[in-house]
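In what comes next, chain A is part of two complexes: it sits with chain B in the first one and with chain C in the second one.
Showing the complex of A and B:
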């Protein structure tokens, strides 16, 4: 059968159609089963129908969260104001802020990895410790973090730092070590000193790969953030999902899960575009 | 020979081998290279010619002995020696023009160039000079905006030579710089480097495994084999030289290199035999 040949070349339309087939299959199957379940039991809460999910998502994007005690009798506000005071907006901003702080904290990790690779004394000082630290399961530290730092923002950010930074440090270390020795020697012969070689040759060459490494770790960042929010938070996307789980609010949970996936996909896409724009020389 | 610019004094280089054993790559090497010479270092793979180059570069320290450049012992690579390797000769993240201006820029403005107020004006001057070099190398101004991966192997090496020469180093070290090029491009590059050497008066140390290339290019050919070294002066050979004479010099060097190799193999075999006799019960 020619479909399973190594040298088979599907045309663009076929490849495009194939790439959407699983999405279409998944969505169709879900709604078919959901409709069947609702025929048997109109109060079914496990698999909400499309109408229920759209209604719940509209509520999430246009109405404030229950805990905000909105005045139902008040005159309807303009759409923009309603969206800005909505539950989804509030949760997205809370999670987004923590996410951005966590990403910003990865920058010192990149610098540490770079210096460890370039300066042998710094490498000797940190490497073994970071390698050990990398093996600690971050989630197992969660109780310790809550005891040590309380249940505020700091413990959630620390969880991400502990969970992701060792990977980023070691990845940057390996990438820096991978820069051909010839390039470093050449830079010295052109008059560069140690820091110029580090920042103007090695850092510039590894930067696109480091950004790719951060892209690959976005899901890990989100995972640790969600773990922290689910256990100890009063706002955020994961807090909301955990809260709705208690009420079996699947009609809101599913759109929330898809919203998180979409946000993460957009962040990844933006970083990818930024990387390509910033480093036209980089061939993946 | 002019006053020596490079002096290699009783140099041994050993590498760690299996177990606690060591493998000696260079054995009691003595060599003096005068200012303005074009030295070719030739020898078979693994004979230590690149090691010798790294010693001069300051990238490696000898196990015993001293390597002096301009009377000072080498500790790390610096502006005294320009360097053109076989691979990774250009910075892949920089355009041709940025590769050429990197040396003058980093030498003047260091690690954080954005902190210097007068840099923009100087960079304009550097770019002008770089474009002159580019033309001298037979490259077009339109190539200046290209990245290294957009250039052919020969063009990349032309830029790499220009990048090194723009810093006007007293010594240029080339490690198998033309090995990856096709024969036609290689011949063109050989002519170019010979011309640049004549025009600039830079001392060139050229490592190659190709004896013919070594003989054509060098005023002196240093052949390495069996961890030792011997020399042939070939200053009268050029591209237009008598083919019979070139063949004679090549045969002479290759015979000597082979003889040295045989000596090394015999020595290694004898060491192995002695070791086996010591370990195995009689």
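Showing the complex of A and C:
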């Protein structure tokens, strides 16, 4: 049995098959149990079958959201306009907008972390507070967030900012501190100024790692965003899921969850590709 | 050194662990075999359901369960998860409103029987506005509520009763989680209307410049709080389901009797119940004042078999259907059958999923439990 040895080398096909085995197992056991439950109770909503989910997903992508007044007698619109006015599209746009704003707000955090590491006075001013702030469970402060930012967009974005930026700041801080001192000294002897050292020596080196750190935090961003949307909102992917849970619309919820996973995966992939393109020298 | 010791003993440790596991599993199995039939009741914090907690804590339920030779566990949930647990058949009985009994378990194909009618909301649910806004001024403005629940039902009934049903579509709902709705409304003064229930209503009413424009005492008997049991559990062939319903009903009405007494004896019970929701006696009494409790089994049984309940359930099912709460597959409000105590069925009689049963309340009133 050399299968479980350190030196075992599965060939391409085996490795590919192995990597899909758990997916296959998960999907089969789901549909097996769903089938059983439907035999027992044809109206079961907890575990919808594939046809139900496909139907629900079609409705979500092709029919307008229920809060919009649909013109039933209107002529069938072309596919593109139907998708554009659909529930899924509307929710995705609303959530995507919040998501992108939050991601954009993470970049100032990176700069703050960098400056904290490079300039001792700035570091002394911020570090202790941010270390403390990092441990605060943002969700438990919601009532205060509501008072400060209302219950509209701002409070949702602030929830993400409070939840995720301290991690990013501290991570950037540590990465910047990790750049060998010798390089900085060398840069100074070669005549670099403060900002040249900060941006052209340190920042350049840590940027690929920082991007990776943001990638790792995408899920946290999404989690806070979902929490915010479930608490109070009028649109968004999590809003829809919260509503559907009220009457167990699992046939729509499961495709929605998969859709969110796919979107997150794509964002992650794009950032990864971008990182590679930008920093071809970086070895992960 | 330690590592090597551990490694050499690894086999021994592993084997003995395995033996322990096997032994534990077999002991567990024999224990299970000897156990009495066991049932679980789920409840969530609400004035009319808090008594379940006290019933279990005070030993009252134990007494009745022992009488019928069964085990009953009482478990607290948040409201929505309690419904999920009931539909997923993790619990046997659950406290819920008549509306949720229809749009959650019944619509999901779980045949459900209401065995106890505990109370109806007689002012617990309310529409509250700021700046002296009246119902007629609400269209076009944002309204905070938990969408697709009794709150939205109450709001739309309020609009309908005031001849504003045509303008309901112009109202913009903001779906707000019930755990945060009071803070959210109080903190954000740009939102003029909120619909919610007690004790949140009491908190909100303490603020300045707010006014209650409609509450559930104006639609008495429409928001009912039930204890529902899965019909298959109730009809178990060994009769244990019937015993379960009898034991719960027995304990419930004994407690109702104790709650109703005046003076310190009653107060002691009420403060025990208030503790379930970490509430005070004063606040609990205030909530009771806007809850029409059915303290006697006679009154509950009478309400359950009254013709009014048919009208109510018709309104509720129309609301549920027009808001898509009965599911995509449901083509008409008639798809799901609701059976009443006289045997008549509202909707599809071939697919009865919600049954009102007053057997156990009647048995209690005749002292036959």
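Here, the second predicted complex is superposed on the first by the 284 of 284 C-alpha atoms of A that agree within 3 Å, B and C clash if a C-alpha of one lies under 4 Å from a C-alpha of the other, contacts with A are read in each partner's own complex, and residues count from 1 in each chain.
By our rule, a residue touches a chain if its C-beta (ideal position, glycine included) is under 8 Å from a C-beta of that chain, and two chains touch if they have at least 3 such contacts.
On a predicted model such as this, the values are computed, not experimentally measured, just so you know.
Asks: Look at where chain B and chain C land on chain A after superposing the complexes, then choose clash or fit.
Replies: Partners fit side by side after overlay.
Asks: Have a look at where A:234 lands relative to chain B and chain C in the superposition and call it first, second, both or neither.
Replies: second
Asks: Quick check for you: in the superposed arrangement, does A:185 touch first (chain B), second (chain C), both or neither?
Replies: A:185 sits against chain B, while chain C stays out of touch.
Asks: Between chain B and chain C, what opening angle does the Cα centre of chain A see in the overlaid model, nearest 10 degrees?
Replies: It is 140 degrees after superposition, to the nearest 10.
Asks: In the superposed arrangement, does A:280 touch chain B (first), chain C (second), both or neither?
Replies: A:280 sits against chain B, while chain C stays out of touch.
Asks: A:204 contacts which: chain B (first), chain C (second), both, neither?
Replies: The answer is first: A:204 touches chain B but not chain C.
Asks: With both structures placed on chain A, which of the two partners, chain B or chain C, ends up touching more residues of chain A?
Replies: C
Asks: After lining up the shared chain so the two structures overlap, which partner does A:196 touch, if you call chain B first and chain C second: first, second, both or neither?
Replies: First partner only.
Asks: In whole Å, how close do chain B and chain C get at the C-alpha level once superposed?
Replies: It is 31 Å, taken between the nearest C-alpha atoms.
Asks: Which residues of chain A touch chain C in their complex?
Replies: 41-46, 55-56, 59, 66-67, 69, 142-143, 146-147, 150-152, 230-234, 239, 242-243, 245-249, 251
Asks: Give every residue of chain B touching chain A within the complex, in rising order.
Replies: Residues in contact with chain A: 57, 59, 76-79, 81-83, 85, 87-89, 91-94, 102-104, 106-107, 110-113, 147-149, 163-164, 167, 169.
Asks: Considering only the defined contacts, which chain A positions touch chain B in the complex?
Replies: The contact residues of chain A facing chain B are 180-183, 185-193, 195-196, 198-201, 204-205, 279-283.
Asks: Show me the residue ranges of chain C that touch chain A in the complex, using the header's touch definition.
Replies: Touch residues, chain C against chain A: 80, 84, 87-88, 103-104, 107-110, 142, 144, 146-149, 169, 172-177, 179-181, 183-184, 187-188, 190-191, 324-329, 353.
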